[in-house]
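Look at the two complexes coming up: chain A is in both, with chain B in one and chain C in the other.
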Partner chain A sequence: MSNLFDLLVAGLATGAIYALVAVGFTLLWQTSQTINFAQGEFVMLPAFLMLAAMHVGAPFWLAIILGILLSMILLGLAFKLLLVDPMMRHGVLPLAIATMALAIGIKEAVKQFYSAEASPFPSIVPTGDVSILGHAVSLQSIGVLVVAILAVLGLTTLLNRTSLGHQMQAAAQNPTVARIIGVPVERMILLTFLINAFLVALASLLITPIYLAKFSSGEVLGQAAFIAAIVGGFNQVRGAIVGGLLIGVLDNLAAAYVSTQYRAAVPMLFLIVVILFRPQGLLGRAEERTV
Partner chain B sequence: MKSTLLVGAVLTIMTATSAHAQAIKLADVAELSGGGATVGTNWKNGIDLAIEEINAKGGVLGRKLEVTHADSQSNPGVARAQVQKALDAEPYVLLGPGYSGSVKVTAPLAAEAGIAQIMGGEAAELTQQGNKYLFRTSFGQQSSMPKVAKYIHDEMKAKSVAVVWVNNDFGRGGRDVVIKELDRLGSKVVADLSTEAGQADFAADVGKIKAANPDAVFVYLNEEESARILKELKRQGVTVPLMGETTLIGQKVIELAGDAANGARGHVGLTTDAPVDLIKAFREKFSKKYNYVPDHNGLKGYLAVYMVKATTEKMGKVDPKKFADTLHGLTIKAADEPGILMDVTFSDTGDIDRQSFLVEVVEGKQVVKQVLPKVK
Partner chain C sequence: MSGFARPLKIALGLAVIAGLIIVPMNFNRYGLFILSQWAVMSIAAMGLNLTLGYAGQVSLAQGAFVGIGAYAAAIMTTHGWPLPAAIVVAIVLSFAVGWVLGYPALRVQHHYLAFVTLAFSTLAFLVFRNESWLTGGIYGISNIPRPHVFGLATNKPLPFYYVCLASLAIVSLAMWWLIRSPWGRAFMALRENPLRAQSLGIDTRRYTLMAFAIGSALGGVAGALYAPLTQYIDPVPFNLSLSLDLLMMVIVGGAGFYFGPFLGAMIAVLLPEWLRFTEGYYLMLYAVAVMLLLIWSPTGILGILDRYLAERRTKAASALRAVAKSRLETAQ
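Moving on, here comes the complex of A and B:
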């Protein structure tokens, strides 16, 4: 029983990170029909940007800020202007393939310019644990959960409670009408790219102390987040959150109770079941996009 | 008188040229570039240092040693081609490669040529194929794991053990031997956990360890995964003693795992930190010549050359055909041949028996806690 509790906590902590990445996934899809297969690499890269900043002498807190800003410029602004905009007019599929190429490019570049070996990465949460319901729970797990929940709460507040958020939603749901009523659609789309870049940088900061900074660490994350987004509902932010948490917990339970070898297959099987019986995802709405 | 002098001079020149012509030729194939570059470069430098020392003292049976180095690029295919090329030049003994995979594909070539091969690989299977020409410079898993199991049972007094291993040839080889030995000694294996190479998340594995509640955990993973599981063990508050092999307490793991590596213990066959005077002297000579501190691969290369010297002197002649036979079952004592650094015995399969070390990570540094004696 204590084992199950530990697994749930660890699963929720990893799931919260998947959720951050999956939310970014759905945001890009909603506003610009971008399926970003480089999302995992987007999580891997900010850690290296932060490490690079620390190499040139920046203290950790400054490296975090620089890393997040640089991520927003590279993975938000530059990604949209240099890759998404030119490819978009050729359709969803060429763009998706272009992001796959980008994933390979980012991975190889990190390997070449940094190292193929893993590097340690400092944690923003101190080590140690607290007692919850008689169980020792690590501060790191709690820290990851808290930061991820705050980020998601902040995002949903922005989307649902502010005029900016309403404009973003309008731009996502019906760009033509949004344009007619004066919503600056292009700027709203750019904003979602910046938000995605911020979320992946945050995920990077949370996950890298556990997984270590390595060029290949995005592969697992990208896949998990992609599955999470589809399971939860590709067109719903809250769907992505639920999907992320669910996949995190499922992955840990599978590793513990099924087998380590097949752990990666269990979320996939779950994905197949969801697609067969509820194709729009657990919390998703059936797509009604028309031309 | 004049003619005597002339004859003498001619004779001297002749002897000098013939000694030069009859230098004993060794061939080295090592990982000088690619992923194993650190391994191969240490190995090569160790060889060069030993040869320089031996030649400065007059060589082996009055003949100098010569070595050619070839680069396997850390690739078994290239290693095979380079070994074939080296064997065509009919060397006295073949040195290297260091990677088990490269040894596996080159050993049949050397055996076919009837040339002894002294190599750096550690996979258990290498010396279990009935090859009569293959010799190790360090422990294979079948030599190191019994020592690990004995330490877990005798010193850690663990009645129950969780074994975590990486699911590849290296991990499975070690796991099979250690579980057999633990069973034999009477320590119960309460969790037998296979993990994947490159695995990032160890939360579930550590959860299973906690559930099994063992007296000790034996961790046998590659470096990065070792660091990740050490962090996860600390994160989930596992405080039972951790035991491993060379990979668990390596410098890279300590760097990656930080605090979490403290307290981890491991068995190490060769380390330049060993409290052995001859090894300390070696480390000093090596560092002086190459401006860096060697790892255990530098020791292996150095030992390989002194194995050639001791065996040849034992035979009393340079005979490549008899070399392997002589080295089988041979015990070389450091008192007789200081270059061998520690007393060592070679088995009929080319495996070695030698004292080894129990290392603990204390405040981010490897500290040798105990010297484990030879098995026999």
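Moving on, here comes the complex of A and C:
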């Protein structure tokens, strides 16, 4: 039993990070039909920005702020203006391919300009264990969970309780009508790109102390977030959160109970089953099919 | 390409073919390897172009089919079977698996289909890696023999390059015939408007599955040539990135254009080699080049040519109209 409890906690902690990344992923899809194949690399990069800031002498807290700001400029603003805007009107596929190329570019740039080796990354949460219900739970897992939950709560409050959030939702659901009633749609889309950049930077800060900073670490993460987004429901923020947690737990349980060799297969099979029997995702609304 | 005169096109085609045969004769080992790789990847990309470009079904699993073909060829030829038999098995196997993978396409479309095929791709990789009794696991299969063609050994790089080139030629001719046949037109109808295609009496169900199966079978052919080309295979080359690379080739070359896969494979295989003088930067430059190209022309390289020719035709037509109009006016 204790084993199961530990697995659940660890699974929820990784799942919470997946959820952050998946939420950003669905936001981009909803507002601009961008399938961002570089989302994993988007999580990998901010850690290196922070490491680079520390190399030039910034203390850790300043490096975090600089890292988040830089990633909002690069992965939010520049990504939207330079790549998404010129390609948005040409349909989903060419843009998706362009983000694949972007993923290669980011990976290679980090490898070339920083290092091909894995670098350790300081944790914002102190190491150690606390006892909960007689189980030793690492502070790291708790810290990750708390920060991720706060971020998600903050985001849902923004989306559902503020005028700005309502405008963003309107821009996502029906841009034409939103424009008519005076919502600055372009600015709202830009805002979702900035939020995505913030979320991936946060995820980067949380996950990198656990898995080390490496140029190739985005591949696995991007795929997990991808699956989480689809399983939960591509068009729902709630869905992405549930999907993220579910995939995190499933992944950890599969590693313990199925086999380490086929652990990666479990989320994939789950994905196939969900797509075939409930393509809109567990919590998603059905989208009308074109034609 | 209809903007050029027919004899000119034939001459150009013959020149390219002659060039592909004659120029590599004094290439070194590595140059021939890269060119053979181009031929093999062109075959795989051509298959994906049929599935995606002509029939409009997104697939992120073409790399897995190259893997299936490669393992089929590697296992059979190391057990003493001749390569042609292995190619037939690779085709049948990829066709059957591709057919089954087509079933989700009957239920879901577009990005959902992309994700199902992506999941399949990862599952296939896990099977290649973990079923070591069959595939040799992470140690792979080595000493894959190269075939004898008409009694001639093709162990040297140049003869095997000709084997790849000849296979590419055969596949190209078959594809040329296929897209001009009623089947090809049915595939295009499927892409443009499935509902209308169905109302015209096209069995969209069967053609969707066919598009997947034939495209996948070509992936299998490419794999069956890849194994003897490298003479050693392990699971790594057949992971998801190969599927993504092949998709990139098709889109960059120009999806739905006959010559798209040739160009796309050329860019994906040769451009990084040409950029090698930039050392560590070559993949970065390649990524930037792909992004810039897609920003400039989302329909790929042949999209640029297509637009240019269309513009020229419109200009020529309006010039003719102007002439005709002025003639009419003078006649009045």
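The rule is short, and it goes like this: the second predicted complex is superposed on the first by the 287 of 291 C-alpha atoms of A that agree within 3 Å, B and C clash if a C-alpha of one lies under 4 Å from a C-alpha of the other, contacts with A are read in each partner's own complex, and residues count from 1 in each chain.
The rule we apply is simple: contacts are C-beta pairs under 8 Å (C-beta built on N, C-alpha and C of every residue); 3 or more make two chains touch, one makes a residue touch a chain.
Note that this is a predicted model, so its numbers are computed, not measured.
Engineer: If chain A is used to align the two complexes, do chain B and chain C fit next to each other or clash?
Structural biologist: Fit: chain B and chain C sit side by side once superposed on chain A.
Engineer: Could you tell me if A:Leu194 is touching chain B, chain C, both of them or neither one (first, second, both, neither)?
Structural biologist: neither
Engineer: Once the structures are superposed on A, label A:Ile149 by its partner contacts, choosing first (chain B), second (chain C), both or neither.
Structural biologist: neither
Engineer: Looking at the overlay, does A:Gln261 come into contact with chain B only (first), chain C only (second), both, or neither?
Structural biologist: Touch status of A:Gln261: both partners.
Engineer: In the overlaid three-chain picture, which partner chain does A:Val92 touch, first (chain B) or second (chain C), both, or neither?
Structural biologist: Second partner only, chain C.
Engineer: With both complexes overlaid on chain A, does A:Leu276 touch chain B (first), chain C (second), both or neither?
Structural biologist: In the superposed model, A:Leu276 contacts chain C only, not chain B.
Engineer: Would you sort A:Leu158 into first (chain B), second (chain C), both or neither based on which partner it touches?
Structural biologist: Touch status of A:Leu158: no partner.
Engineer: On the A-aligned overlay, A:Ile104 touches which partner chain: chain B = first, chain C = second, or both, or neither?
Structural biologist: second
Engineer: Let me test your reading of the model: by the given contact rule, A:Lys214 touches which partner, first (chain B), second (chain C), both or neither?
Structural biologist: first
Engineer: Quick one: is A:Ala10 in contact with chain B, with chain C, with both, or with neither? Answer first, second, both or neither.
Structural biologist: In the superposition, A:Ala10 touches chain B alone.
Engineer: Pick out the closest CA atoms of chain B and chain C after fitting on chain A and give their distance in Å.
Structural biologist: Least C-alpha distance: 6 Å.
Engineer: Where on chain A do the contacts from chain B and from chain C line up?
Structural biologist: 261
Engineer: Quick check: in the complex, which residue numbers of chain C touch chain A?
Structural biologist: Residues 58, 104, 107-112, 114-116, 118-120, 122-123, 126, 129-130, 193-195, 240, 244, 247-248, 251-252, 255, 280-281, 283-284, 286-288, 290-291, 294-295, 298-299.
Engineer: Which part of chain B faces chain A closely enough to touch in the complex?
Structural biologist: Listed in rising order, the residues are 35, 167, 193-196, 198-201, 203-205, 207-208, 210-211, 224, 227-228, 231-232, 234-237, 252, 255-259.
Engineer: Help me check something: in the complex, which residues belonging to chain A touch chain B?
Structural biologist: The contact residues of chain A facing chain B are 2-3, 6-7, 10-11, 14, 116-120, 127, 129, 136, 138, 140-141, 209-212, 214, 216-217, 220, 251-256, 260-261, 263.
Engineer: Quick one: in the complex, what on chain A touches chain C?
Structural biologist: Of all residues in chain A, those touching chain C are 35, 37, 83, 86-87, 90-98, 100-102, 104-105, 108-109, 111-112, 223, 226-227, 230, 234, 261-262, 264-265, 268-269, 271-272, 275-276, 279, 289, 291.
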